[in-house]
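Here chain A shows up in two complexes: once beside chain B, once beside chain C.
Right, the complex of A and B next:
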């Protein structure tokens, strides 16, 4: 199987998912609104103390991305199940990992779009300014998002083969996300509110390791879980 | 739309056919949970054959088609489809066979053209845009090509699913109740597609409740009952 043929299939799956998502505008609006509302509600729960809000900003930002992302991942396979398209998708020639990679690419684009909207909202609501080290912060966000979306796309595929997929997805996903969420939150907090312990770089490297492991693992195992 | 005349019985002799069987299944079983959907299926289909499988609902007909198409793996037994091993060469089988299931497998938020372009890219079709236009014209959907599938009638959706198979020119055509929701023109299209597949030397397996809807005599007819083929 040539690399060009694989890329054609990966990009076809990604383009198809993104087109379907673009057409269903209500879904992307709902996902983004949930992210913004999560930030708002947690903000009220924490209270008006600016120092506390700043300290909590990174963690709550990642939680808002987490809750929004679950809706994105669920929708990713729902469009295959609606018209009985999953079986047709699996009957195309080629490798199964190409389907996973296409879906991962589409979900990555959607989650990054959500982040592009909720991050500025978080900066305003939690009284946080953009740090001078913003390129490093951006790297943490990108790596954290990649790990999060990799696991989300993988576990939503697994959940899609079951009847109680809506309930099962967060139950499977959230425990597995703990390492990525911890590294992303701590890394983001280090750059947003100061790197008191000098360990920001360590969290960044840890995210790289998690991403490589999760990505390779998901690509290798996807075939078995989607055919189960 | 051009409709072919019913295929003659000489098709099997005149078409260039590879050696061996198109389908050869030995003791195939498939279990879903505690229920056995297929029990010791033995099936041999030659190239050029048109085989009909009948039977009551829940008898295992659709599962058998899905096993042959490699959509599901058999629990036990072994087999070859188009000369390829059913378990180890599933991807190669998928490249040369096409299944039209009871569900149409379409994306409702995409247009007919977008659905077929996606299929063409997944299938590795050369000059996909031209082939898509041609396939849509063949199934009579050229004027509705840019409409979203969500607005299509069930018959139009079935035609579009059929157009997806036209992109492929498969050696093995697997059809599960293909005439469902189709009008007379649509039914003729299915017959034309079955005939052209056989003319190319390919084989056709159809799951059908009403044999009277076939315009040609099948090469063989089997009945499935409780997962067994007779």
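Right, the complex of A and C next:
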């Protein structure tokens, strides 16, 4: 199995998912609106005090990404369940991990797109200005998103095919995401104030470790869960 | 729904664990009495310190239960022998119970010592996260009907959950630390150490009995499911067995 052939299959799966998403534009609009709405509602919960808003901004931003992301993951497998599409997908030649990698890639694109809209909204609503250390902040966001999407794509492969899937996915996913949530929130918060405490590097490393472990784990274990 | 043929022998095992059902509670009562009677009241905490004889042994043992979960889950994916799946599920049930007990006991102790029921300290928070991870494991099992699918999915969730334990712990520790250095025979006065060690052994016996008993029931349940499937298919259980 050559690397080029693998990449062809991975990108084919990703392109298929992205095309489906592009043709049903309403879904991504709804998901992004939910993300923005979450930011607004949390703003009401903590009040209009600017200092408080700034302190809470990073955590609330990540929570809103989490809530809207869960809907993205659901949909990723929901479209496979109609008309037995998943069985057909599994019949194509190729490895199982390539299907996972393709779906991961598509979900990553969609969640990043949601973030591209939600983050500016958060900056405005929570009175946060972009710091000079923004490349590092971008790295935190990328790594945090990768960890989140990896586990989300993996767990929704199971949760979307059970009874009461709406409750099961967050139940499975959120406790597993505690390290990502903490590292992404604390890392973002540090870089937003220019890494004054000098602790942001540690959070960045934690995110790298988390991403590597669960990306490898998901690629290895995916074939066992998708065939069942 | 696929009906997997029964490939492994699920008939009841020898009942080696039966005497353990008597032994474990008796030993636990004995070691608790030893712990309570042998130790003087703590300088700061008074008799409140006695909660350590349950809290710490239970905490050590739930960690052990999740080592069993990880091992059995990996073994299941490796061999596809459903007995490993049943063992993992039994260990999760007992481990979750012990984790919950640790949280409740710690909370009682914390109220008296720190003055709060809950604090966002590293060990407390990561124990609560672990509790939630394995509760969701049990939820996934109960929402999945197909036995083979249930077994594979739980194995994946069990492995990922166990892998995440050290990462959760590290992340929460960096986030915040208040918990005293964990109690072990080397951090407590020798007069308390023996009570702690003996109680740890007693709780281990009790946990082994619980897991063995639960595993036996899980096997019986699976056997029943197989019998029902083969009846529905019109094949006799014996034919499937052979």
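The criterion applied here is as follows: the second predicted complex is superposed on the first by the 226 of 228 C-alpha atoms of A that agree within 3 Å, B and C clash if a C-alpha of one lies under 4 Å from a C-alpha of the other, contacts with A are read in each partner's own complex, and residues count from 1 in each chain.
Quick note on the criterion: a residue touches a chain if its C-beta (ideal position, glycine included) is under 8 Å from a C-beta of that chain, and two chains touch if they have at least 3 such contacts.
These figures come from a predicted structure and were not determined experimentally.
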(request) Name the chain, either chain B or chain C, that contacts more residues of chain A. (result) C
(message) One more residue to check, A:168. First (chain B), second (chain C), both or neither?
(response) second
(request) State whether A:90 touches chain B only (first), chain C only (second), both chains, or neither. (result) first
(message) Once chain A of both complexes is superposed, is A:74 in touch with chain B (first), chain C (second), both, or neither?
(response) neither
(request) For A:54, select first, second, both or neither according to whether it touches chain B, chain C, the two together, or no partner. (result) neither
(message) Looking at A:213 after the superposition, I want to know if it touches chain B, chain C, both of them or none. Which is it: first, second, both, neither?
(response) second
(request) Could you list which residues of chain A make contact with chain B in one structure and with chain C in the other? (result) 227
(request) Sort out for me which residues of chain C touch chain A in the complex. (result) 77, 129, 132-133, 135-136, 139-140, 143-146, 148-149, 152-153, 155-157, 159-161, 163-164, 167-168, 170-172, 174-175
(message) For a test of understanding, state which residues of chain A touch chain C in their complex under the given definition.
(response) 151, 154-155, 158-159, 161-164, 168, 171-172, 174-176, 178-179, 182-183, 186, 199, 202-203, 206, 209-210, 213-214, 217, 221, 224-225, 227-228
(message) Can you tell me which positions in chain B touch chain A when the two form their complex?
(response) 66, 69-73, 91-92, 94-95, 99, 101-110, 114, 118-119, 121-124, 148-149, 164
(request) In the complex, go through chain A and note every residue touching chain B. (result) 5, 8-9, 11-13, 15-16, 19-20, 23-24, 79, 82-85, 87-95, 227
